[in-house]
Amino acid sequence: MVGNQLLISLETAKACYTCFKCVGVCPVGLRPNMIVKAYVGSIVPEFRDIYESIIRDSNIWICAKCLKCVEMCPQRVPIIEIIEYLQHVASKHGVVPKAYLNMVENVVDTYIAFSSQTIVTRDGDIYMTEDVRDAWGLNPLPNTQDIEGFRRRLKEIEEAG
Amino acid sequence: MRLAVFTGCFTLVKQIAVEASMLKVIQYFNIEPITPQKTNCCGFAFRSIAPNTSLYLTARILAYLNTFESEGILTLCNGCYLMLKETIYRLKENQRLLEIIRKHLKDEGIDIKSIPRIIHPIELFHDIIGIETLKNIANKKQYNISIATHYGCHALRPSTLPSFDNPLNPHKMENIAEALGFKTKDYPERLDCCGAVLLASKPELAMKLAYSKIAGTARWGFQLLITTCPYCFEMLDSRQEAVMQMFGEEPKLPVMLLAQLIGLQLGLNEKDLALNFNLSPIDRVLPQILKR
Amino acid sequence: MNILDSSTKTAVFICHCGTNIGGVIDISKIIENIKNIPSIAVAQDHRFLCSTDGIETMINSIKTSNADRVVVAACSFRTHEPLFQEALHRAGLNPYLLELVNIRELCSWVHENERDRATEKALKMIRAAIMKIQDNQPLKRIRLPVTPAALVIGGGIAGIRAALDIAEAGFTVYLVEKEPSIGGNMAKLDKTFPTLDCSICILGPLMNIVAHHPNIKLYTYSEVISINGRVGDFSVKILKKPRYVREDLCRGCLICIAKCPSKTVDEFNMGLSHRKAIYVPFPQAVPRIPVIDTASCLYFQKGICRACEKLCPANAIDFNQKEEVVEIKVGAIVVATGFEEYNISQVYEYSYGRYPNIVTGLQLERLASSYGPTEGRLIAPGLNREPRRIAIINCVGSRDERHLPYCCRVGCMASLKHSWYIKHLMPEAEVFIFADEVRASGKGFEEFYRRVRLIPGVYIVKSKASEVRGNPDGTLTIKAFDPAISSEIAITVDLVVLEAGIVASRGTESIKNLLKLGALNSGGFLIELHPKLNPVETAVDGVYICGAVSGPKDIPDTVAQASAAASKVISLLSRGYIETQPYSAIVDESRCSGCGVCSSVCEYSAIKIVKKKERSVAVVDEALCKGCGACVGSCPSRAIEIANLKLNQIDAMVAEILR
Amino acid sequence: MGLEPRVLAFTCTYCAYAAAEAAGVSKLQYPPHIYVIRLPCSGMFKSYYVFKALREGFDSILWSGCHPPYDCHFINGNYKARVKAELLKAYLKQLGFEDQRFRLEWISAGEPDKFARIAKEIVEEAIKTPKIIFLEHHEAVNK
């Protein structure tokens, strides 16, 4: 789910006929069909509990985004979009792994998702990122001079909804 | 030919070999790489938690690279490749958001003027540089090395977006390896996930996925695995020892980048190809490949 | 024409069709409106105009009001036009003075939520028809004779049954089969579900009757290459491919096959074994005359060998045989070209084609068959031993938006039958069936399902298998999720059977093009005229379809359709004549300049330019004219028109809709 | 009430009209502004019908038949329609009619959803397109 076109049409999601193919193929043991069902049923009170528990449950974040379920689904249910939608809803409720927030913070501070770190060679030598980049004649990491404007724009964009 | 090279954060800070080897190799084929100084995260990490921001970040890359004269964007990372492809498609669908994003881009003095071609390294070697060129380099030399190919999930899937190969039964990487004189064969774990997406949030699960990928591949008797993606490389090469130890096994599968493999054939030296950063036991196959 | 000073009297009848029309459209409002049109003699509604009471009311009203034209606003002309035309006839009117307005399919059903606008639209449609009918003329049908013979294309169980039924009624039947033997897919089956009777034992006798029936002329190893003409009078060209074995001399000793040194892949055994270059596809083949396959014959490829020619005691081998084209005349055609399995190597997750021990359902039939490649011993290809554990995966390619959206209708039962085969041949084996649904709707099917469930060692997993993966030792692992135990499972087996989806056979499209049958359904199936009411008829008069060519079917349904198609053919042939449609082109000679453009666009050569009183004018042969209107579109002088669809009638409708 | 705009669909009996009826059978809903006239074959195409309907006050015209190459029940009527329709399209453009005023579509009997979709599209387009104003002769001269 990229872009706030959140509501995946119910019609494509309801095409699911519960064949469990997505469950068998999921490498991390998610139950995509249950997530789809919860999404479809989120407007019916009887299914609402499941929907809410999925959102509160951090399990939804174990999706490895390998997209195998999407490829194998015989009814072309946009499973990954539903999962990402529910992740979005969950993050709005504060359920989001810390690692994601770290990455976000990094981007806001330095344009990129990771800060410089140690790199090991096969011989056991240890270098810092900047030194390796320099030694191999590669560009240095991005300059963070005008990061303030970048931050402001990120904020405005997300609020534009 | 001029190509803008988008490295992506993980290549930038960790898997420097991906960038170093690729830049060296493509220059050999008369491709002039443009390596922009300004760059930002492709937004993959924001996909679900801040979808608009993720689109903006990718759009910013597209707009910034627009300022250079190039025939396309070569993305070194599968995740970035998917984000760039998907964003182009999404922004076409959502004109309103596109306008908002363009307004912010214009603030910075950049704009999405044209839609560039997004190029995956495999596509570059197979379709742009071409199999015939690679065959000439190999010069009919045959190696007794059986190579397992690893494309990575986001290089191929989802099949709803345009793809450089058949998303469910790709063959271009095999073609490249065979053109270089290596043996390949289909194996069931070929399209499995390396687990890297979970590396930050669920490291143990990520290691488990990497283990089943490595162990599953190794049982077919391959001598070498090749990939292009920095994340897949991290999981399968850099962390192979840790992954295997977690399950009480020894590292056993040499892993190399596609660009490194081609670079060795071109006679580039090991330092240029940054082969000292490969932590998997590539010493097992390196002498055989170097013996030209 | 202005209806205000019209001298015609029009009767209008509007059908409620229960609530189908009346539930959306305000019919009383429409009646009120059209009653004010001066030319209207009577305007009535009825709950079900097609009922006996409706028809009687209609006839009475026409008679008492002395109406000379009738507009009926109801359903599709495809369903009830003949019925209402008959009513006009009984009321003493020419049946072509009827105008049918479809306010159901084209209005009430498609605008269910917009009652007011639907009512307005229906009113306009009816008023337009009233305007149009003012210019309708009485028309007459022409009778033409019917050739008392039929062509049946396809020699599977459907074609065999249809041919036998027509032949039994005393008519000549030409049965054309592209393979060297008749029998089709049913001959490949070992047993049939749910009764488990031996397939060839019930098919074989029928094949032999076909071969010797005095009214059936059998063309095997032949193809239909052209079809021209119309219902009652088709001329058909059949291409007889050379067998290189003379049918009149061969005694069927098959010594030639025993001595042939060249081998190639056996198509009848679905590629699981080899056959000789000279071969009969299977022991019960009809006719039992060998065919030489030139692609693998050493004589045709390299000019050597000729062993069969030397050894044949009847001197039946003839390497100089040529293709032969036979031309026949028939009154009706039955298409029964059947099905084939979908190319499931495209369903990548099941790895068909990557490992030898993954077979399709039909391949398993051959493996289980006593005249198959292993003579009835079940051997896993590639492993060359009896499999101990077998997985059967259903719906491969079927019910899948990426491949075939429809159900194959036989896979569920076939998978149960296959597990029965396996347990019958190897009682110790373990069988896993992966089926997210088991569709057992036929007679005796659910009972059979229960019977198989109770067999020890048969396990049914109620989900679609996710993936099939090979192992280095040649076994295969199926990954799936079992909802019953709510857990992922990985089952390692020696043989995987994929129940493949079903598509129309490869030749169907070319037959469709020869016959101008129009579109195909997904899967390449031919479309019936009406899915409920005309399941064996097509859009082309005199052309009938039966069996799996119109969609996946099991054997009982196929045979029932074949007999249905045959009875349609018999009633056409025994009546002996057809009546043409009367909507032919008519020429206004006062406007015609004789330029001949109409004649040049007519595909049926129905228009000739004739000199009449020093002027050239176009003349239409009504027996040849199909009423397509191509001439109308081409005429620069507006001199040629289609009867009862004249230019001014269309103008009148356009003007009335906009009024 | 009021059905504005108004769209006229000429359909061939064997494909497009069959599709329109099948759309009814499947209860596919589309706007009621579209009126269907059944012709035997799309090959009956005559520019006159289109001009006449536009002149009389229809906003858009749909001409529909069977898919090329083989679907036509009358051998090649769809090709005859296509040749003339393409000419007409060019001519309408010269006369200043918008492109969406006239559409040629192939709809097979098995595509009721396509008929419904096109009906929806063409009506929506017609709603967006301003009414045609035909000037009387003297007005045209004055302009």
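Chains: A, B, C and D, in written order; residue numbering restarts at 1 for each.
Throughout what follows, a contact is a pair of C-beta atoms (placed from the backbone, for glycine too) under 8 Å apart; a residue touches a chain by one contact, two chains touch by 3 or more.
Being a predicted model, the structure only gives us computed values, none of them experimental.
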More contacts between chains, A-C or A-B: A-B
For the pair chain A and chain B, the C-alpha centroid-to-centroid distance in angstrom is 20
Gap in Å, rounded to a whole number, between the CA centres of chain C and chain A: 49
Chain C to chain D, mean C-alpha position gap in Å, rounds to 31
Check each residue of chain D and list the ones that touch at least two other chains. none
Multi-partner residues of chain A (at least 2 other chains): none
The positions of chain C in contact with two or more other chains are 349, 467
Using the contact rule from the top, write out all pairs of chains that touch. A-B, A-C, B-C, C-D
Touching residues on chain D, where the partner in the complex is chain C: 1-3, 6, 8, 14-15, 20-25, 27-32, 35-37, 39-41, 43-46, 48-49, 52-53, 56-58, 66-67, 70-77, 80-81, 84, 108-111, 116
Chain C contacts chain B in the complex at 348-349, 351, 354, 467, 469-470, 472
Using the touch definition up top, name the residues of chain C that touch chain D in the complex. 76, 78, 102, 104-107, 109-114, 116-118, 120-121, 124-125, 128, 512-513, 516, 518-522, 527, 539-540, 583, 601, 603, 626-630, 632-634, 638, 642, 645, 647, 650-651, 653-655, 657-658
Note which residues of chain C are touching chain A in the complex, please. 349, 395, 399-403, 436, 463-467, 479-481, 483, 488-489
Given the complex with chain C, which residues does chain A contribute to the contact? 15, 17-25, 29, 72, 74-76
